[in-house]
Every structure is written in C-alpha cells, then in structure tokens.
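In what comes next, subunit A is part of two complexes: it sits with subunit B in the first one and with subunit C in the second one.
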Partner chain A sequence: MPYHEFECSKCIPERKKHAVIKGPGEDLTSALPLGYLNTIPGSISERGCAYCGAKHVIGTPMKDVIHLSHGPIGCTYDTWQTKRYISDNDNFQIKNTFATDMKEKHVIFGAEKLLKQTIIEAFKAFPKIKRMSIYQTCASALIGDDINAIAEEVMEEMPEVDIFVCNSPGFGGPSQSGGHHKINIAWINQKVGTIEPEIISPYVINYVGEYNIQGDQHVMMDFFNRMGIQVLSTFTGNGSYDSLRGMHRAHLNVLECARSAEYICNELKKRYGIPRLDIDAFGFGTLAEALRKIGMFFGIEDRAQAIIDEETARWKPELDWYKERLRGKKVCLWPGGSKLWHWAHVIHDEFGVDVVSVYTKFGHQGDMEKGISRCEEGALAIDDPNELEGLEAMDMLKPDIIFTGKRPGEVAKKVRVPYLNAHAYHNGPWKGWEGWVRFARDIYNGIYSPIHQLALLDISKDDIPTDKGFMTQRMLSDKDLSEEITSSTVLRQYTGKYDCLSELSKKTYPGFDPVLADAA
Partner chain B sequence: MDDLMKDRIEQLVDYIMKKCLWQFHSRAWDRKDQNEGVLTKTMQLLCAEPVELETPADRCFWVDAVCLAEAYKKRYAWLAAMNKEEIKLLMQGLHERMDHLTITGSLNLELTDRHY
Partner chain C sequence: MLCEVKEKTRTGIINPIFTCQPCGAQFVSIGVKNCVGIVHGGQGCVMFVRLLISQHFKESFEIASSSVHEDGAVFGACSRVEEAVDVLLMRYPHIKVIPIISTCSTEIIGDDIDGVVTKLNAGLLKEKYAGREVHLIPIHTPSFVGSMVSGYDIAVRDFVTYFAKKTEPDKKLNLITGWVNPGDVTALKHLLAEMQIDATVLFEIENFDSPLMPYGNFVSHGDTTIEDLSGTANAIGTIALNRYEGGKAALYLEKEFGVPAIVGPTPIGIRNTDTFLQNLKTLTGRPIPESLVRERGIAIDALTDITHMFLADKKVAIYGNPDLAIGIAEFCLDLEMRPVLLLLGDDNTNYQNDLRIKAFQENVDFPMEIITNADLWELENRIKNDGLELDLILGHSKGRFSAIDNNIPMVRVGFPTYDRAGLYRHPVVGYAGAMWLAEQMVNTIFTDMEYKKNKEWILNVW
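For the complex of A and B:
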C-alpha cells in the first residue's frame, strides 16, 4: 500500500505519510496513513479546534441545557447553528447560544466575575432551564480562570441548578477530536452516577455516539420503542442532561460514532462492566444486523426481525430504483471522521457506487484502519487533507459526487463537482430504511441535476439554444438503462413525505415488559 | 499451512474487515479481548459446541459471533464439508491472522496508549 505524494504538497514533505493508495493484495500492516497529529505548518487544514469538538459536536446536542462558552463571542458564534441536531423541546439548544463575551480588559484583569454574572443572568433569562454546560476557550484557559470554582459557587447559591464544566480549550488537541475525548472523560468523571434513573424495562441501553442530525435519533428511537427497549440516554443527540447522568445503569452500550464517543463506552465498560456493542445504523443490511444483534443480546430478536421484514418490504423497491441509476458512479467519501467507515462498504453494496477516495479531517489511525478495510482496491485514503490536495484528488479521480462538509463542498462546486453535506445532510434523516432511501434520492438529485449542463453555458458568450429544452434528470439517468428497468412496475422513486418525522412523534407503542425484581 | 488453508483464512479475514467493527476497538488489550471473545464463540458455533453466556460481556461477544458464523456458513460453502477438527484449525489460523493484522502487525500508534 504505497504512500501517495501530492504534487501540490511536495513542498511539505511530511504530508507524504498522510495518504496511501489501497493496492491489490495489500493489507493494513504494509502502510497506514499517519493520523491525529498536529497539522503541519504550511498545510491549510480543514479541521476545527478542540473547543469546537467538545461544544459544537458533543455538548450542544444535549437539549435541555444552557450551553455557555466562556470566551470571546467569536468562539460561540462560529460554532452556532452549523449542524442540524434537532430536538423535541423546540430546538432550544440550537435556537440559543450563550457566551460571556470576554474582552481585552477581562484578559488583563480576569473574567471570573463576568462568568458568574453571566451564568446567573442566563438562568434568569430562561427560568425553565436548570442545567448548564460551560465550555472553556483558548482565552479563558490562558488567563487561568477557575471555571469549576465559579460553577460550584453558583450551585451552592442556586441549589436547583446543576452545572457541567468542560475544560477543552481550542488548543487542547490537534483537532476537534481532542475535544471529543476531553468532554467524554469530563462527563463520566463529573456527572455519570450522580442520578439514579428509573428502570422501566428489562432491556435497557444507552445509545451512544448519535447526534440526531435531522432526526436520525427519532428514527432509531422508533425502532427501539417498537422492540420494547428502554433507551436510558442518548449520548448526546436529543439527549437530556439528567438522563445522561444515569448512564451507569444501562445493560448495554450501543455505540454508533466510535470516533467521538468510544471513550465513554470504554470507561463505562471498565468502571461499570457495561459491554460495548459497535453498530452501523446506516444502510438496510447493516441496520438490520444491528437491530438483530441488540435483539439477540436481550433474547428478543423476533421483535427485531418483525421490524426488518416490514421496513425492508416497504422500502427495498425504492432503494433499488436509485441503485440502478447510481451504479458505477464515482464517489469521494470525505467526511470528518466516522462516516468514512460507516458508509464506505454499504454505499458500494446498496447504492452501487464506487468509492474512489476516503478521507478524514480529524479521524485517528483506527478510523483509517476501518475505512481502508471497507473501501475497494485503488481507493486513495487521505488524512487531514488541505484544500489543494482535495482539488488535486478531484482532478485525478474525476468523481461524480463527493460527500463532505460545507467548506470543501463549496470548493468542489467551483470545479463543478456536486457535493452532499455529510455532516448535516441535505434532506435527512438518512438513518433507518426510509432515511437510507432519502440519502439515495439526494445522491441521485446531486448527480443528475440539470444545473450541471446549464452551468456550463456562459450567457455572456455562448449561444443559448432557444429551440430545445434541457435534459431532465430522467433523460440523463435512464439513457443507458434497459427497458426492463425503466418500465419496471416494482421499482419506484421515493414515495415518503417531505417531513417524515412528525408522524413518528404521534405514534403509540405497546409499552415495556415488566421488570423482574431480581433484574432491576 | 497449505495454500488452500491460507486462501480460506484470507476469505474469512476479508469478510470481517469489510463488514465488522468489533475487531477495531481502541487499544491493544481491547482488541486482544475482542478477537479472543468473538472468534472463540464463532468457532464454538461453527462446531456446534456449547457457548458460555454467563456475563453481559459473553452475550455481547456472542451476538457478533452469531452473525459472523451465519455469514460464514452462507458465503463459504466449503465450510460445510469440513469436520470439527478442520474448522478448529481454520479458526485458530484466522485468530492468529486477525491478531497480526489488528494488534501485533498494526501500524496504529495509538494502540499502546495507556489510557482511553
């Protein structure tokens, strides 16, 4: 598996060990990109800071909490509303962002007084909210404000409130991943075990590493409710602060995004003996297997099977409609961390696309081990790429679409490569059987949008044909398909609703099995 | 080990690497436990031997093992023609190869980190 050197990065020789091409017959012991290292000076990284990783990725999806940044206003503003982790309490945590708004004078004279005043002001402004997370930033860390002491003081004065302190300043790690790590450990050290949750089912899980992007968690909760499983907490999408304090009572940790949340699962295993089950919930086959495993763990696999059968029958003809039209399309799978391995194999198997490159902005070598194992031969794997490398890779690989974040996505658009937002999604949720079809539909719309032909015409100099219309999506996508497929009465396009979540919130469930005394 | 055996082990490895996640836990000691736990139980299932399900950890290994054993039986028809002793040898070879790929031969520098 040879390292790949980018032309544009020849002047940064250290970059060479951050990219490999998966060669035939080679395995992970022959080459693995370096990862989770400080970005090399001169390479303009696409990473976020460790404060952002702690607050924006993991802390803020907690719904019933005032999320307060102790620092300059820019830190909180720039991490506000860039991810769509919705919640069932009217999105309190997305609508509002809080900061102490530190200025130069505070850097000189200290900002502890300001912090205390802001905490009290925020609680008074939102009297129904009794929980708070405070996030340290570079500025407050450098001047040495004792955030924990102030939080203790306030909790003494206002016994009805509870405050969590996350000391993960921007410089506290090579990337946002440093912040994921710090907040995981801080949460288990400070908060887990401080509340005894009510156990109402014999089957109790924590659902960990799920951030409820565009409602993913609601979709998964539907399956768990149908199976009679009590989800004690979701770490952290749509999760409530107090439910996450009771994580120690679960029977099983179901772990999705291991990159951002494996630490807390490992600690829960070590400290409380709760096993960690890693799952993939994106995709038909993968999600089916995940539910079966959870079902088998509790001896209720028949309930999982009933869901699998029903959902597969409902959505498979729609998945296959898209698969026929996406087959062989080249994809660069360029997300932040875990989706490079959650998706690499299953988009190939179930959408028929070919993954020609995987990259990760903040992943560790463990993520690359998983991602490289799952993609096909010949794929280019890049760690912490810079913008020029991204452009060079697109030029070399000629992808039909890339799945990435907004910043590199907009760059791709400039070279006329469509992109889908891998972090916040286009028309999610993308989890669940229906969600997976919605993802396929987004890919289809991205690749076959008529805009690509229209954008090639320059109205200032090209002749604009007025006697014929443009090629529609179907004309483009169906031109090489057989009659059998184009006129199939089985396959069909997505038939779900624009809003596929509101029905879920109205559903009723059979309830939980009784908890036996010795199992409680 | 003969070439046929090696080739079969590679097929089994390939399935795990593409479809599973349990082999890539964070630290060397976790990976050792995972490989041991899941592959031992998979071997017992393939050989129709009793599987211990005493602890929650056992059950967790077992659910991964059940899925793996089922997939192996479905994909690799040659397994059906093997006797117990042959399956045990094959699974031992698989276990050694997985330990090599994910632990002893791994280039992942974080495996030896002493903390999570």
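For the complex of A and C:
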C-alpha cells in the first residue's frame, strides 16, 4: 500500500505520509496514513478547532440547555445555525445561542464578573430553562478566567440551576477532535452520577455518539421502544441534561460515533463497569446486526428479529430499486471523522457504489484503519485533506458523486461533481431502514440530475442535442438497464413522505417489562 | 422625542447580530485578486467564516489559517505565520497578496505580526521568492474589539493604505461600496456607466456569483487588482457609500493624498440614490442623463403602485449592518412605513452621533427605538414579552426564528441570507434596488395575508 504523493503537495514533504492508495491484495500493515498530527499552516486544511468540537458537535445537541460561550462574539455566532441537530423541544438549542461578548477591557481586567452577570441574565430571559453549559474559548482560556469557580458561585446562589463547564479552547489540539475528548471527560467528571434516574425496564442503555442529525435519534428511539429498551440518555442528540447525569445506571452503552464519544464509554466502563457495544445504525445489514447484538445482550433477540423482518420487508424493494441504478457509481467518501468507516462497506454492499476515496479531517489513525479496510481496492485514503489535494484527487478519480461538508461540496460543484452533505444530510434522516432508502434516493437524485447532465455540455463546441425538451432522472438512469429491472413489479422507488418523523412522534408503544427486584 | 437611542442594558449577548472582526477582514480579502489571506489564530476562526460565506453565496472561497495549536498559544506562534506564508506561496503560484489577519488569541499572546512581516520581507521573500511580487499586509482585527463591521472597515483601510501610491493624477473615481452583494456592485456599476464615469470599485466582487462551467474550475473570487488599489491615490475623488464599512479608507486617501472624500449616504431608496448621483456629479462634473431619469421613473412608478395602498403605516423592525439598517429605515419612511425598532449590533459609540440617527430623533412622529450594542433578543423579547406588534421584519437569516416562531413575515436582507436562494444576485442599492426591496417587502406581506387569510381578497383588484 504505497503512500500517494500529490503533485500539489510535493513541496511540503510532511504531507507525504498522509495519503495512501489501497493496492490489490495489500493489507494495512504495509502502510497507513499518519493521522491526528498538527496541521500544516497555510495548507488550507478543512479542520476546525477544539472549541467547536466540544461546543458545536457534542455540547449543543443537548436540548434543554442554555449554551453559553465565554469569549468574544465570533465563536458563538459562527457555531450557530450551521447544523441540523433537531430536538423534540421545538429546537431550543438550535434557535438560541449565548455569549459573554468579551471586549478589550475584559481581556485586560478579567471577565469573570461579566460571565456571572451574563449567566444570571440568560436564566432570567428563559425562566423555564434551568440548565447551562459554559464553553471556554481561546480568549477566556488565555486570560485565565476561572469559569468553574463562577459556575459554582452561581449554583450556590441559584440552587434551582445546574451548570456544566467545558474548558476546551480552540487551540487545544490539531482539530475539533481534541474538543470531543475534553467534553467527554468533563461531562463524566462533573455530571455523571449526580442524579439517580428511575429505572423502569429490565433493559437499560445509554445511546452514545448519536447527534440526532435530521432526526436520526427519533428513528432509533422507535426501535429501542419497540424492543422494550429504556434509553436512559442519548449522548447528546435530543438528549436532556438531567438524563445525561444519570448515565451511570445503564446496563449497556450502545456506541455509535466512536470517534467523538468512545471516551465517555470507556470511562463509564472503568468507573461503573458498564460494557460498551459499538454499532453502525446506517444500513440494512449493519442496523440489523446492531439490534440483534443489543437483543442478544439482553436476551431479547426475538424482539430485534421481529423489527428486522418487518422493516426489511417494508423497505428492501425500495433499497434495491436504487441499488440497481447506482451500481458501479464512483463515490468519494469525504466526511469528518467516523462516517468513512460507518459507510464505506455498507454503501458498497447495499447501494452497489464503489468507494474510490475516503478521507478524514479530524479522524485518528484508528479511523483510517477501519475506513481503508472497508473500502474498495485502489481507493485513495487521505488524512487531513486540503483544498488543492481534494481538487487533484477529484481530477484523478472522476467520481460520480461526493459525500462531504457544505463548503467542500461547493468546491466539488465547480468541477462538476455533485455533492451530498455527509454531516447534515440532504433529505434525512438517513438512519433506520427508511432513512437508508432516503440516503439512496438522495444519491440517485444527485447523480441523475438532468441539470447536472446539462452542466457537462459545452454549447460552444459540443453538438447540442435538439430533440428533447426535457429529461427525467429515469430517462438517464434506466437507459442501460435490463427490461427485467425496469419493469420489475417488486422493486419500487421511495414511497415515504418528505417529513418521515411526524408519524413517529404519534406512535404508542406497549411499555416496558416489569423490573424484577434482583435485576434492579 | 419619540425616537429613542439607547444601549442594550444586558451585558451578555443572546443571539448575536454580528460575528467578530476577523470575519470582516476575511470578507475584504476575498475581494482582492490573487490574494489569499492567512488568519492567525485557531482553525475555527477560518473554517467557520469560510462556511458562513459559503452558506450565503453557495460558493467556496479560499482563506488559509496559521493553525495555532497549544504549543503556539503557550510559546508564541509567529513561526506558524512564517510557515503558512511559505506553504501558500509554494502551492499557489498566482498569489501576490497575503494579508495576515490577527484574532483574539494571537492578539492576547502578543504575537507581533508586523515584526513577522518585516522578517519575512527581509528573509524568506528575498531569498526564496526573489523576483516574485508578494505583498504581506498585517491586519489587526482582535475579536474582542468591534465586530465584523469594524473588521471590514479596518481591512479596507489597511489594503488601501498599503497599496495607495501617488503617481500621475487620473480622472478615475474611487467607489468604496461597503459590505454588499454582487447584485449591488452590478447596480452601482450600471449607474456609473450611465453617467459615463470611470471608477475603481472597491471591491469588485461581481464574480462572487461565479459560473459552473463545462470545463475548468471557476472558483469564486474578487477581481480588485493591486493596480486598482495603488491607483486610489490618484483619483479625482472617493465616495464611500457606507460610513462604517470603508469610511476610514476614504478619509485616509483624503488626508494622505488630498483625494476629496464623500462618505455616505448608503444609496438605499430613491432619495439616497438621488444624493449618490448628485455626489457623483459634484465630484466628476458629469451630468445625470435622461436614461437615469427614466430608470428612476420606472422605480417611482412601481413604488407608487404599492406604497400608500399597502406599505403605509406598516410597522417594521430592522437589524443588520448599521449602514444597511439605517438606509433601509430611511427608505421605509419614504414608503410611509414605520420602522419602530432598529437594532445596531455592536458597541460602536459613534452611532449615537450619526447624523442620520439624529434626523430620526428630530423628525420621526411615532415611537421608534434604536438599540445599540444590540442582539436579537432585543427583538424577540419585545415581541414575546413586551407586546411589540410588527407587520414585517427586515434582516439577515440569523434572525429567522424570531419571524417564524412569531408568525411575522420577514424579508431577508444583508449578510448572511442563507435561508433564501439567490438573494446575493439582487441589489438593494440604486433605483433597481429600491424597486426590488419594496416589491420584496410587499410581496412578502401579500403571501402572509394569504396564509393568514387576512384580507387576502383585497388583492383581487389593485
């Protein structure tokens, strides 16, 4: 597995070991890109900072919390309304953001008084919200404000409120990943074990590393409810602050995004003996396996199997409709940290696409290891990619579609590669059986967009086809398919609604099994 | 006085109107050709600003970071700037201009970016890049001072200060637009063309709306050149449309090179556009042509169709960049509307003395509040808890939920407007902008009337 040297990066030899091509028959022992090292200044890397890793990725999905950043206004403003983590309390945490708005005089004389006053004002503005997370920024870290002391002081004066403090300044570590780590550890140190939750089922889990992008968590909660599993807390999407204080009473930690949240699972295991079960909820087979594993842990595999059978029967014909049309399409799977390995093998197996490249902005070598092992031979793997390398890779690989962030998606657009938002999704949720079909539908709509086809035509040079007034996706996608597939009565396109969550929220469940005295 | 100007009484911010200074400097940097800025600070200061700009324009822009990590924060991070300059120059052969934009962290640790520039000029650039034209411009934009608005103002001044060089006087006019959209630049250039005025537009950002071509890679970028900037010293005059976004540069050129400056007004609405044309005439001696009389007539005709029938007495709240918000408020008054709340979102103390604000105070005949150092909670709280009734909200997308949750129609205007498609293509300045803005307002009110079944039948005939 030789290192891949980009033309555009020949002048920065440090980059040499950050990209590899997975050769035929090679395994990971021959080469693995370096990962999670300091960024090369000026390389126009896509990485963010440790503050955003803590506040924006993990902190803010907590729904019933005033999220206050202690620093100048930019950190707060910039990490506001750029994500799609929704909640069932009318998206309080998406709509509102709070800052101390530190100014020059505070930098000189200290900003602790300002902080205290801002905390009190914020609670006053939202009298129903009694919980707060405070996030340190570069500025407040450098001037050395003691945020913890102020939080303690306020909690003494206002006994009805509870405050969590996360000290993760932007400069802490090579990327946002440093912030994931810090907030995991801060939460378990400060908050876990401070509330005793009510245990109402013999099967109790924490659902960890799930951020409820476009409602993923709602989808998964449906499965857990159907299995009679009590979800004590979700870390952190749609999670409530107090439920997350009771994480220590779960029987099992079900871990989704290991990159951002394995730390707290490992600590919960060490401190409270709670086992960790890693799952992938993206994909039919992977999700089935995940529910089965959870079922096995509790001895309720039959319940998992019932869901798997029902959902598979409902959605498989729709998944396969897309698979027939996506087969062999080339994908650059360029997400943040964990989706390269969550998705690489599943999108190949279940959508039929070929992953020609994976990259990770803030992943560690372990993420790369998993990602490379799960993608196709010949795939190009890049750690901490930068603008020019991304363009060079697209030029070399000629992908049919790219899954990446919003802004890099705009870069791809200019070289005529359609993009799907890997972080926030196009029309999600993408978890669950239905969600996975929605993902396939989004890929299909991206690749077979008639406008995309028009973008490739140079009217000054090419022959302009004048025989058509329009094209449909089907006219493009079905032209080389066999009659058997195009006229199949089994396969069908996605039949769900634009909003697939509102029906879920109306569902009722049989309730939990009684908790036996010895099990409690 | 029915119009009160007051500062927000709370200390902290709930739902900010602006981001911080480095964003303004970054926005300026992408307007200059062959220029990629280096933001000296944590990576988020760049990553999120690039995202924000890309949310607004649906395009990607190139800005680099010095990627300050822990060691840099402790021991100083000037070496990161040196490395960043070298890496950028090696990999982007077309780059000629590199502004070094400071942030809160690097200002607090006291990194001497001016010193780094001196060192690089004497060392790296001389040795490794001899014969290559490279300009390094230190721009100090600590995030704990001002806002993105002042960051923009400072960066324009610093670019102009760095490049402006008196040689032979020419007949060109400097037009400093302030923080606008490509559609505004198009509209302004149209007015200049109609008046046959040769002007240097700072900044030439029409290509922020760039094409998706069947070949090549058309990255969005501004087109203001080094020659444009150096030539500003030789112009016959400068008009800075926005007092708080480019005013500093205009005054610098006047003081340093005797280039006469006119600062403001923002040409939003008919009246301010008239004034702008008059200013153009004054500085260049060019007459206002019949074509513009006609264009103005079309706009006036369109406004007459909607103003006293539909817009009169409508209560609006306006927030955003100060020149934009003030300009829109002035225009609303001409349209017989009532701008009852104006939110200016930073702690600039000069707003109090702004003549336009003083004019509101002297002449407005209904209760009007102007809040400085404001946040969006000043709006939300008034609606939710103080019974403020509004017919319309005008502002950027960050305030969208105040409109949505309170069932108040909203017209997106300013920066950023990411929750609506293509707004950057449309002007709010000039006669075209006046027409577009007023028609956006009235159509938005019409849609709201229909959704709420509030006299929607009135639109059958008008």
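Here is the rule we use: the second predicted complex is superposed on the first by the 506 of 520 C-alpha atoms of A that agree within 3 Å, B and C clash if a C-alpha of one lies under 4 Å from a C-alpha of the other, contacts with A are read in each partner's own complex, and residues count from 1 in each chain.
The rule is simple: a residue touches a chain if its C-beta (ideal position, glycine included) is under 8 Å from a C-beta of that chain, and two chains touch if they have at least 3 such contacts.
Just so we're clear, the structure is a prediction, and the values are computed from it rather than from any experiment.
Among subunit B and subunit C, the chain that touches a larger number of residues in subunit A is C.
In the superposed pair of complexes, A:64 makes contact with neither subunit B nor subunit C. With both structures placed on the common chain, the touch criterion links A:242 to neither subunit B nor subunit C. Legend: residue contacts after superposition of the two complexes on their common chain; A:415 is shown touching subunit C, with no touch to subunit B. Shared-chain residue A:118: touches subunit C; no touch with subunit B. In the superposition on chain A, A:31 contacts subunit B only, with no contact to subunit C. Of the two partner chains placed by the overlay, only subunit C lies in contact with A:106; subunit B stays clear of it. Put simply, subunit A uses no single residue to touch subunit B in one complex and subunit C in the other.
Within the complex formed with subunit A, the subunit C residues making contact are 10-16, 18-23, 36, 38, 41-45, 47-52, 54-55, 58-60, 62-70, 72-73, 80-81, 83-88, 90-91, 103-105, 108-109, 142-145, 147-148, 210, 212, 214-215, 217-219, 347, 377, 381, 397-398, 400-401, 405.
Listed in rising order, the residues of subunit A touching subunit C in the complex are 8-9, 11-12, 38-52, 68, 71-82, 95-104, 106-107, 114, 117-118, 121-122, 125, 137-139, 141-143, 169-176, 387-388, 391, 405-408, 410-411, 413-416, 455-459, 462. Residues 17-19, 21-22, 24-27, 30, 56-57, 59-60, 62-64, 66-67, 100-102, 105-110, 116 of subunit B touch subunit A in their complex.
Every residue of subunit A that touches subunit B in the complex is listed here, in rising order: 27-29, 31-32, 34, 36, 185, 251-252, 258, 262-263, 266-267, 270, 273-280, 289, 292-294, 296-297, 341, 345, 364-366, 369-370, 373-374.
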